[in-house]
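A short worksheet on the structure shown next.
Every chain is named by a letter (A, B, C and D) in the order it is written, and numbering of its residues begins at 1.
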Amino acid sequence: MKKVYANATEALDGLLSDGMLIAAGGFGLCGIPELLLNAIKDSGVKDLTFASNNAGVDDFGIGILLQTRQVKKMISSYVGENAEFMRQYLSGELELEFNPQGTLAERMRAAGCGIPGFYTKTGVGTVIADGKEHKDFGGETYILEEGIFADLSIVKAWKADETGNLVFRKTARNFNPPAAMCGKVCVVEVEEIVPTGSLDPDSIHLPGIYVHRLIQGAHEKRIEQRTVRQREDA
Amino acid sequence: MKKVYANATEALDGLLSDGMLIAAGGFGLCGIPELLLNAIKDSGVKDLTFASNNAGVDDFGIGILLQTRQVKKMISSYVGENAEFMRQYLSGELELEFNPQGTLAERMRAAGCGIPGFYTKTGVGTVIADGKEHKDFGGETYILEEGIFADLSIVKAWKADETGNLVFRKTARNFNPPAAMCGKVCVVEVEEIVPTGSLDPDSIHLPGIYVHRLIQGAHEKRIEQRTVRQREDA
Amino acid sequence: MPWDRNQMAARAANELEDGMYVNLGIGIPTLVANYVGDKDITLQSENGMLGMGPFPYEGEEDPDLINAGKQTITELRRTAYFDSAQSFGMIRGGKIAAAILGAMEVAENGDLANWMIPGKLVKGMGGAMDLVAGVGRVIVVMDHTNKHGDSKLLKECTLPLTGKGVVDMIITNLGVLDVVEGGLRIVELADGVSEDELRAATEATIV
Amino acid sequence: MPWDRNQMAARAANELEDGMYVNLGIGIPTLVANYVGDKDITLQSENGMLGMGPFPYEGEEDPDLINAGKQTITELRRTAYFDSAQSFGMIRGGKIAAAILGAMEVAENGDLANWMIPGKLVKGMGGAMDLVAGVGRVIVVMDHTNKHGDSKLLKECTLPLTGKGVVDMIITNLGVLDVVEGGLRIVELADGVSEDELRAATEATIV
């Protein structure tokens, strides 16, 4: 079973269709599947719904699909860095479903784990709870949140072996594992594919069972806010 | 904040009380908190409820607490290896709540993640579903399972740093992370405490935030079923 | 002549396809691993491992490396370890393509009983309920009749269920049957077993 | 003289105890890290990190290492990384001892509004709703009044809530107040601020 594909376009071949729900990993511009997003843009597929914590910036990440009007709806927790997003949203061209960040992550993880619904205190008494089932446990009120079952997962990892075992790097892990779990099919881009057997079996962040297709490529890895401190001179 | 204690007795000091609910890691005899179980035995605390996948064997693991009649109830998925367990259960001395193994693991993880209830297909149409809320999602029926909020977690890891960051080894990881998450207080025994900074931050299986007290000690690590294959001679 | 344990296991292995992630139960299902040939099959052990290898050589047993039957095993180059919540997350979430399990009884509607005999010793369901509820395809491998000669393929299960309507295929010493609308459908007969023999040994409706 | 940003941050740092795991919001709360002294405090960044270090030296920025404000940061010797589901699992599960956050409005019953102004640009709640629902203690650090001079400590919030009854303590430029039964209780006044001044700037009931 060969999981390794030559490039993003080939890895997505046959998987894209108008109106589909895509779960994407990444937080801000950190750990986003930039190669796959570019290929989705080139494919011209449209009316997409994205479950993704953020919407990228105007010219990077999911933002590039907003420029081309390929996105119908976002399920996100924070979209503050994207001017085109705001324009389309305020003009009614784009739907937006806000999810608290932890609820979004757990909804992805839940779907991947065969859990269609779970209760959380997050958002009780806020607009997030409107229309959702409320239930008491131990005298406290919780709301029911449902799993996000995506048609496709797109994910960025640091390294993979040929069987799709994945390793992430630092905070670029973020939403990638839960996003990978919740799709019917999961396509992953990595910086390096290493021979099977060269990753430590105790240190694999996401086993290959979650990974259907895999590509290796060069990543821009753009920094959104470059903050530094001054060196104290000796 | 010092988490490292001299031994199991000191690490449990002030934490034990009759009738408490303890979540224990381990699968079979693999990865069980053997030092802490011995100290619990010596403490004489009684009427304990254990959430633990198994009940050990007669003279190792939770089995030693059955010998001394310190256990009132087990929440487990499989108790087949323990003759004394069977005797006490069949004579009505011991309560038993069977949980499917995955439901047990998820109930622990859920409680640790602030999720008091979740829906699962596991057990629908069986005795496990009796008396539980049923709910349809997407035309399929699921049952509600509740989080296990334990008073105390006892866990065995391979290595820890001084801040309690944990690393497990091979299949000895098993129930230890979910068990660690679900207790009000979590006490951990490891084979080796290493200096903080010597574990790879990308390869920590359970961050120290879950770990309140920590001991290092020698482990018997008994093998339950020694199965081998023959070497083919050259 | 009916199939023996190894022939049943070999027949079950035929159902596995290249690239599948599979969970094998205790007993005959364990033997299936010997018959996958050059198909790329990854075995899951539900205590927290993908890529389960064979038993270790004597002297190389590792107490930290066991399978769901608590037996010492080995790892492979592809192996990944994870905790029990993650392990059953992938089972419940349908990531495992197939489970091959033993059974006490299977009903014609796919009901499965394989964990408990009331009044006898009660050991527990372990991971069986999660597996049959979650995996893509459930294949039962068992003898066609019990030691009293009674059919284990029933109209309705008499024992407490492990799962309702969960079995897809049954492989016995007498042949192979699919669970379909209305009952069981014969897919294949064991060498030298006639359809009449199989029907005579089957209480469940054969369509 | 009312406290400045740094004095408010220093006062908030006083609330932190040795051994605590803490989440700091954007703005003044970020400054709290400068005032923990020799207390052993571990900072969580909800995008998947415990043990957040300071900003990197120029030239050492790592695109794979950012905080929840998307700023480049560094790791410490105690650092552990994990995914977003795990991160919010520990937040929701009450493992984080305290969150220090900014706010637009706080009500006398502990209601908090800090994520949305209807009709204006809507950016989203990010992790704020999870934090206030889950962490052990929620400390708000903010100016006592808005730029129009109106109190931000209200009888009832006018903006959409981030959480209901979630705030435990409010630290403003005028002083420190606890949320208690029946309203707010003055804990401390900023240097040179009189109780009358603080009361005059507060719409919420002071008990």
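Keep in mind that, in the parts below, contacts are C-beta pairs under 8 Å (C-beta built on N, C-alpha and C of every residue); 3 or more make two chains touch, one makes a residue touch a chain.
Since we're looking at a predicted model, the values are computed, not measured.
Could you work out how far the Cα centre of chain B sits from that of chain D, in whole Å?
35
Taking each chain's centre as the mean of its CA atoms, how far is chain C from chain D in angstrom?
For chain C versus chain D, the centre distance works out to 54 Å.
Express in whole angstrom the distance between the two chain centres, defined as the mean CA positions of chain B and chain C.
Each chain's C-alpha centroid was found; their separation is 27 Å.
Could you pull out the residues of chain B that touch at least 2 other chains?
106, 109, 113-115, 120-121, 168-170, 173, 201-202, 205
Residues of chain D that contact two or more other chains, please.
Each of 75, 81-82, 88-89, 91-92, 133-134 in chain D touches at least two other chains.
Just say which it is for the chain contacts: an open line, a closed ring, a star, complete, or other.
Topology of touching chains reads as other, fitting no named class.
So which chains actually touch one another? I want all the pairs, not just one.
A-B, A-C, A-D, B-C, B-D
Once bound in the complex, which stretches of chain B touch chain C?
27-31, 53, 76-81, 86, 89, 96, 98, 100-106, 108-109, 120-128, 158, 168-178, 205, 221-231
For the complex, which residues does chain D have touching chain A?
Interface residues on the chain D side: 45-49, 54-58, 60-67, 69-73, 75, 81-85, 87-89, 91-92, 111, 121-130, 133-134, 160-165.
Residue numbers of chain D touching chain B in their complex, please.
18-19, 21, 40, 42, 44, 50-51, 75, 77-82, 88-96, 133-134
Hey, which residues of chain B end up touching chain D in the complex?
That would be residues 1, 109, 111-115, 161, 163, 165, 181, 196-197, 201-202, 204, 207-210 of chain B.
Which residues of chain B touch chain A in the complex?
Residues 106, 110, 113-121, 135, 137-138, 140, 142, 146, 167-170, 173, 200-203, 205.
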